[in-house]
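Below, subunit A partners subunit B and then partners subunit C, in two separate complexes.
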Partner chain A sequence: MYRKLFFWGNVVLFVLLILAIAKDTFRPWMPYQRAYRRMQAAAEAAPEARRIILGRPIQIKQTILTDLGEVDRCITCHQGMDPIATPTLANAFTDNPHKAHPSDFLKNHPPETFGCVTCHRGQGLSTTFIDAGHTPRDEAQKAAWKKKHGWEPADHWEYPMLTGPYLQASCVKCHGDFESLHGLEAAVRGKRLLRAHGCMGCHQWRGEGGPVSVDLAEETANKPLSRIDFSNTGLDPEDRTLLNWIRLHFVKDPWALVPGDPAAKYNAEPIAPSGMPDFRDELSEEDAAALTTYILSGQSANIPHTYHVSGPKEPTFQSLRFGSRAQAGKWVYDQYGCAGCHGLNGKGGRRNFNYTGGLEPALVKSVATFTREELREKIEDGVMVVTKEDPQGPTPPLYMPPWKDKIKGEEMEALLDYLFSIGEKQEEWGG
Partner chain B sequence: MRGSWVLGWIGALACLSGGVSRLSAEDTAAAPSASYEAEKAKALANPYPNDFGPTLIDASKYPAEIQATYKTLLTVKCARCHQASRPLNSQFLEPYGTKAEKAAKLVEWKQKNPEIFKDRAVWQPEANIWERYVKRMMAKPGCNIQPAEGRKIWQFLTYDSEQRKTGANAAGWEKQRRQLLADFKAKHPARYNELFETR
Partner chain C sequence: MKLPLPPLPSAEELRKKIIDSQIWRSMFRGGLWKDTPRDRAQHILGNVWLHLHPSRVRKHGLKWTYTFGLGGLSFFLFLVLTVTGVLLMFYYRPTVELAYRDMKDLEYAVSMGSFLRAMHRWSAHAMVLIVILHMARVFMTGSYKSPREFNWSVGVVLLTLTLLLSFTGYLLPWDQLALWAVTVGTNMGAATPLLGAEGPFAILGRGNDVRFVLLGGKAVGANTLLRFYVLHCVALPLIAGALMIVHFWRIRKDTFSGPVIKPEQLPHDKVDTWPHLIVREYIAALLCMVVLSAWSLWIKAPLEEIANPTVTPNPSKAPWYFTGLQELLVYFDPWIAGVVLPTLIIIGLMAIPYLDPDKNRGVGSYAFKERPFAQTFFGLGMAMWFILIAIGSFLRGPNWDIYWPWESWSVHKPPPPATWSPPLVWGALCVGAYFALGMILPRLGKPDFDWKKALRNGAAAVVGASTVLKLAADLRWAQAGWLIFFGYLYYVLGILVPRKHLANLDKVRYAVTMMLVLLTLGVLMKMGVRLGFAIKYVLTIPQFSLNI
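Here is the complex of A and B:
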């Protein structure tokens, strides 16, 4: 009896040993390294060089980025970017994972200093395709990856790799001068749109901006997935990322995205849907991507100050030259996000759930009914009490904060000039 | 100053509840909706001295068209969102008539009734103050006061303010208004301070 148990126990252990060796021998990254070695050797004419290449050990490669607090193993598969396997960081291969990094980007961002995930995101420690957090650039690539790699999002990993324009968000984290750099057009556009469409009237960016809603850099860009309710997004589970959550706010009706509980079905008190305007008539898909890119650039990162490249100071009212005071006022209007509620150029009040009338005032219609002093007081004091259309309904999410501590002096005078310049002339009843 | 425009603003909010367009298109709706009532409650939560004055006036000697406006528009449409007492007891004073007539009346008042230019909490004479405020109410999203109706309301307010606040009635108006201000200051000192003394 014991002899048999001993015998079969040994058989099982032996089988497990074989399986362990087999598993270790056929790690998914190993064939990539072998193939890369072969391809490199085939391109070499000198026998000695071929011998050295073929003698290179098959092993996990990793870069320990002490400054950045990252450990990258991406080059385990991406040998074209491994400074040891490919000292020139250049090769003639065209397909992943063998091809070298495009352009001469790595000359200024050596992989031993910056690694990969600092810019691309993903899970640097992983050595499998799925766990690395690869993100398909489109539906076609997703389908192809599913077929080839059984692709799915990495479990419990909140920072999948960035693709397309979104990758520019990483550049902005270090490059204060990003607005003058080639290739960062989406991020630049996103920053411009954020101002022009009045996002800063309600939101803040690192503490600066309106007090009505969340800080886009400190909160939105760092929102954990566990705090996002994706149930109204229509996204497949595999697409439920922070990036898509942000992007959907520009391409979908925010009321549908964040419907709240206006009838108090599930809460003790009614809750208004999102206060965010529906931007679908104002923003294209490209605009949405640009805004998302810029907002993602606000994500916190453990980047030492020595990695930062300083940029020019943000232009101020005093540093800019304007053709007229009304033009200066347009800058003030954009800078403080007035368009967030009052629309582009004051032309259309945006909706405000359960606000009497449902819309914020369109300034072009109302500004001519104010004297200069009245309008100044209005802006300075704001409208903190917002009346409800349905008294039993939720508190309207938007209100006008007092601006007296932010817009003053010449900025206020310029803003008033601008507002009166856009006000529609009204029929004079007095004749 | 602040008081005057805040007054208008609250009035506008009231007019607004003219979310009326959503709730009812009928101008003569007898029973005010819960929304209007809530709007009124809101207006009263941020009171003005005007609100504590009479809600009705004797308009029987006014021209027929002005009387009609008082009965069918001011006490119906305006009163949906705030009590009629708010405009009726306002310090706003705009001369009735054409632009030229207004200018002439203002000059005349300055000569004959200089007292009405001395305390803006009692009289706030301006050439187009009611016009601006009525238009401001109308510009509010959801306000269903049509341009022709707004014009009539404005005509009523200018006519009425001139009739009850100037000339032989100036002293009576001053007494009534000062009493309202005194009562308001006693009852709502913080609000009084906010409206009349902060700026």
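Here is the complex of A and C:
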């Protein structure tokens, strides 16, 4: 018996070691590189050139980006973008991974300096399709990839590749002048929407903005997946990305997304659901994608300042010319994000969980109950403690912060003018 | 012109020629292999690698089911780990900037890197498991008994070193798994009485306590990585290696365990080591290697996100062999679960051979009947250890709530019921009474009582008392159930078994043995009062952060 065990044990061990070596020797990226070499050689007329191309070794190719602190192995498969395999960075192939980079981005962003993941994200060090963090651009591509590569999201990798409009988030990281560039419509629109819908009344962007909720650039855009509770998103595990988490805030009811614990079922104290208004009436799917794109541009990146392109100065109250003081006040209203709670043009108060009446004041109605001095005081001091509808219920998530350090002097006067200009007179309420 | 070639030698001649050559003879002692007993003995004695074996061994020790080859496998895994570890060291730099990137390089770029890393990882887990099983085997066959007491203690230290080797290696990939497992593990250091900043009677601060020494800082960081690297690759293997030499040497010198040999068996009881033992050792190592290679080929070593001290995973779990202790954190403060209990376990294990009064009983077999007390309590300890590990590893989810394996972790769980602690006087009385009565009660009756009757009467008494309590104190049925379960457990294991089997012990041995029994059962009793009555601490003196 020992003789048999000895023999077969050794045979099996030998076979296993051969398998291990084989698995290590034949790596999934090799066929792509071989195919590229072949295709490139076939396009050459001169036999000498063909011989040189076919003699190129099959090996892992990487770009070491010293400035950006990345090592990037994407060109191992994407040979059309390897400056050594394809010095012109152009070829006639149409399919990935062989095709060259579309348009002329690489002229201004040489791949040996910028690499790939700096813009596209994904895992530069990896050499397999799945671990690289490829993101399908739509459901059809996802189905095709699942069939061809057994696609799934990369394990333990928080920055999958960006596709479609979301890729623009990467441009904004360096380009302070992105609003004047072509092809960044989504990011530009996102930035505009962020102001117009009053997001900045509660959120901040790198420290600037209202104090009610989190900083969209510093916190939201850099939120680790393990801190996100996906249980109410209805997302498949494979779609549980930061991008989708942000996007869902605009295309779903935030109360459904972050229901809190108002009945204190799981916590000692009741916790209100998300304070975020339901924006579905105001924002389209496209708007949601634009906002997500812009927010993702807040992701921190290790980019030296020499890579940054400065943009024009943000317009200020002083630098702008307005037709009237009320018009100037409208700008102040949007600039400081009053619309976040009080609605576009002060028309509708937005909801606030367990707040008396459930809705923030609609300014068009309530302004008239104040004198100019009272209203100024109200805005300056804010309403830090709001009354509860149900005393046993959770603290309402929204409150009015004091604005006296931010809205001052001319800006305040203009804002007051604007508010009184939209306020309905009490006598108009009638019956 | 045709050159005359010398005739080709036959295989037999060739073999002879080679073995008779000066080179071969100078390298390997002994001449042509004739398979005589003298040759076989020479094969063992003349070989530096094999000479730790005796030339002849007892048949008894060759049975697979006697040792299962566990000790040999432990050493074999140590060798596998050394070889794979040295190869990994060529590619690994222990700094926070590079460690994780080197892991990725091993995974994607280095030849055989992924396989090597997987092999190292899985061998390490296997070694921890097999060393524990080896210890269990040695205990259960009574192989620690005189004259092998000291070697058992050396073995316990080697087991501890194995855990430490694994634990220090756990940090090196510098991913989230590593960082937080080591954070959980080393936070226990801060709970050390006297020498930890957060333990009872703390005299040291966060800047110079035990944890600080372990980590080289107040939290896991660059210094910790370097410290653990040096410990893992240099210090601990050297110490373990030195102790292994002692361990193996003493195995030879103390003679192998086995049932006492009858005189008529003597000459025939032994067989030649070569090939009888060597082939078994080879087969065991071979099968182990086959399983490891297959496992490493198909299952990658885990690697999570890069370590991030600001993002705590929920839950953070210690390495599996420590999740039992982590699970005990539910019931005890860290200084008990993380410091006192492990220390007592190690000291208690080392003390076993010196507490055991009978040198010859039950040596060389798994017989339960000859050593009922020893087998019962060792079995209880092992069962508790592995059940707690299983709960901690498989049943604990976010916020350390119980999640069944089929439940999703994204389901929220209601918080555990609010806990309370009895006042100091009551607590002190309870703990005092438990240990005082626990010491006395087993000695109050005669050891030759009617076992079955006692079991029956005890059951009736415990159920009766619990029912009365349920009705009188308005307990829930579940609480009465816990009372019955833990009450009866204590009655049988804490009173009846010691009464029956510890009657003949001298006073010192009895005191130490009974204390270990009471401490083991105490862990269970504390779990009982928490589960049944939501008692946080039985005894609490907040002034010294002393909570039991």
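In this section, the second predicted complex is superposed on the first by the 404 of 431 C-alpha atoms of A that agree within 3 Å, B and C clash if a C-alpha of one lies under 4 Å from a C-alpha of the other, contacts with A are read in each partner's own complex, and residues count from 1 in each chain.
Keep this in mind: contacts are C-beta pairs under 8 Å (C-beta built on N, C-alpha and C of every residue); 3 or more make two chains touch, one makes a residue touch a chain.
Everything quoted here is computed from the prediction, not taken from an experiment.
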| item | value |
| --- | --- |
| Subunit B versus subunit C as contact partner of A:391, first or second or both or neither | first |
| Partner chain in contact with A:127 - subunit B first, subunit C second, else both or neither | second |
| Which superposed partner A:60 touches (first subunit B, second subunit C, both, neither) | second |
| Which of subunit B and subunit C A:362 touches, first, second, both or neither | first |
| Contacts of A:349 with subunit B and subunit C, given as first, second, both or neither | first |
| First (subunit B), second (subunit C), both or neither touched by A:378 | first |
| Touching partner for A:226 - first (subunit B), second (subunit C), both, neither | second |
| Contacts of A:9 with subunit B and subunit C, given as first, second, both or neither | second |
| Touched partner set for A:268, first subunit B, second subunit C, both or neither | second |
| Residues of subunit B defined as touching subunit A within the complex | 1-2, 5, 9, 13, 16-19, 21-22, 34-35, 37-39, 41-42, 45-46, 98-99, 102, 127-128, 131-133, 135-136, 139-143, 147, 151, 154-155, 199 |
| Residue numbers on subunit A that touch subunit B, as the complex places them | 349, 356-362, 365-366, 368-371, 373-374, 377-378, 383, 385, 387-392, 426-431 |
| Footprint of subunit A on subunit C - complex, ascending | 101, 104-105, 107-109, 111-112, 114-115, 175-176, 279-280, 282-283, 286-287, 289-290, 293-294, 296-297, 303-305, 308, 311, 313-314, 408, 410-415 |
| Subunit A - residues contacting subunit C, complex | 2, 5-6, 9-10, 12-13, 16-17, 19-21, 23-24, 60, 71, 73, 123, 125-128, 131, 156-158, 224, 226-227, 229-231, 261, 265-268 |
